[in-house]
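Can you keep this structure in mind? I'll have questions shortly.
Chains here go by letter, A, B and C, matching the order in which they are written, and residues are numbered from 1 within each.
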């Protein structure tokens, strides 16, 4: 159990996929304009990551090595399509806000990397904890970024006004420059924190 | 050669299984997706014509291209509960940051209102075209008005292009509406 | 489909809606490959080539073989791109080994370059016809290449400047990207 917990924890900070491994950045930058979108994106992403890792781990003994990439792709593309269809059917506003970034989960580097490096080689239980850890780590990064951008950029949090009426938010935070710069600062902060701990 | 065939077969089998599962998911999500589209259309029309009873699409006018990059996607004829009739135009026209998709209502000789469905305007500036404050000036606005920002239309500060895109689209589509209404539809 | 529309699509794809600075696409390889000018230019060309090829194939497949099967778009497109990259890799290895060597690991990396897949999706989304799709693909991937080269130039200079310690490495890279993005924002409104 101790081992499993360790697998889970590493995805949160030490090997945070977004801030330390620096993968899967496109969606994080694009979708973090509101916390609501960030949460929706995290759910979609987590579903794809967990499902793909579980499927591949479950049938890993059956996958011939030289055919593994195409088979990974079927699993990942399949789960992504499921998320896309289900979201369009039951949450169309969210689907519209997240736009092209839901189908793009299929090429989110995190998913393919974890499936290849982990799910293909480890048992289902260990893989599950890895997937969960990475998902939560992703969620932490994107929601933290969205929180700053929504509060400073629109003056709201989850749609609720946070600042008094007179506050004029800086629109540029919601635009690409804001995303890039704040992400850069987050990376600096997290790396500094890890550096000091070690 | 044998190897290539074997590999190809395995991949094809996996792809077929995958597609099969997706097909199954699609079979129960696709009717929902259709319903969602109808629901948002009905909600949009009801916001413009609060007295709406029924509406139907005038399919002859589907996908009509007007000048200035304005495209009429669908035209709906609306019957209100009090017997009056109106028209709602589902249109796509160029804005400042991209295309703006909207529903514009017309009744007799006035604009009944506009709803912005999708846009790519600047957040905090042009994006204000979705606010009630901007849109309400178009409700019951006579079509004979010039529809020019800073003249008869109150523009959004710092977003003149967005404001102009919306106003001129309403005016241009109104011309199409009048010609089509006169055509006896 | 006038010439002006075509030019508009091309310029919009390359500059006004730049893949990196406006659409946030292709970030993973972007940050990885812009360490030096040579890798950046190599990757740039590779991306333009693969994107144009992928657009041709996916457009034809979608419009002629996929009616009624639209829900398979994600699956089919990623498969197509992955296969194309494999084929290009095999071809280069055999026929142009020098280029193959210099691209190194970047070639397989192109498969996960979200900008390529995104471009193929956008072509369908915007219902572009074949010529429009090609122009969009060419412009967009060209814009990506330009972005690569700009940042590589900046990063090469950064190596010799006094960056505060806690910003050294990726943080300052992202801040630089953000600043360049401000410049690209200025292009909005260039195309009506």
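Note that in this section contacts are C-beta pairs under 8 Å (C-beta built on N, C-alpha and C of every residue); 3 or more make two chains touch, one makes a residue touch a chain.
Computed from a predicted structure; not experimentally measured.
K.L.:
Identify the chains adjacent to both chain A and chain B in the sense defined at the top.
P.N.:
Chains touching both chain A and chain B: C.
K.L.:
Any chance you could check whether B-C or A-C wins on number of contacting C-beta pairs?
P.N.:
A-C
K.L.:
I'd like to verify one number: the distance from the centre of chain B to the centre of chain C, where each centre is the average of its C-alpha atoms, in whole angstrom.
P.N.:
31
K.L.:
Any idea how many Å lie between the Cα centroids of chain A and chain C?
P.N.:
Distance between chain centres, rounded to whole Å: 21 Å.
K.L.:
Could you list which residues of chain A touch at least two other chains?
P.N.:
70, 74, 77-78, 81, 85, 175
K.L.:
At least two partner chains per residue is the criterion; list those residues in chain B.
P.N.:
15, 18, 22, 25-26, 30, 122
K.L.:
Where does chain C touch two or more other chains at once, residue-wise?
P.N.:
71-72, 75, 79
K.L.:
In the complex formed with chain A, which residues of chain C make contact?
P.N.:
21-28, 31, 71-75, 78-79, 82, 111-114, 117-118, 121-122, 125, 166-167, 169-175, 177-179, 181-182, 184-185
K.L.:
Taking the complex as given, what residues does chain C use to touch chain B?
P.N.:
Going through chain C, the ones touching chain B are 17, 71-72, 75, 79, 188-189, 192.
K.L.:
For a test of understanding, state which residues of chain B touch chain C in their complex under the given definition.
P.N.:
For chain B paired with chain C, touching residues are 15, 18-19, 22-23, 25-26, 30, 69, 94, 96-98, 122, 161.
K.L.:
Provide the residue numbers of chain B that touch chain A in the complex, in ascending order.
P.N.:
Where chain B meets chain A, its residues are 7, 10-11, 14-15, 18, 21-22, 25-26, 29-30, 32-33, 36, 40, 118, 122-125.
K.L.:
Quick check: in the complex, which residue numbers of chain A touch chain C?
P.N.:
Per the touch definition, chain A meets chain C at residues 22-26, 29-30, 69-70, 73-74, 77-78, 80-81, 84-85, 100, 103-104, 106-109, 112, 172, 175-181, 183-185, 187-188, 191-192.
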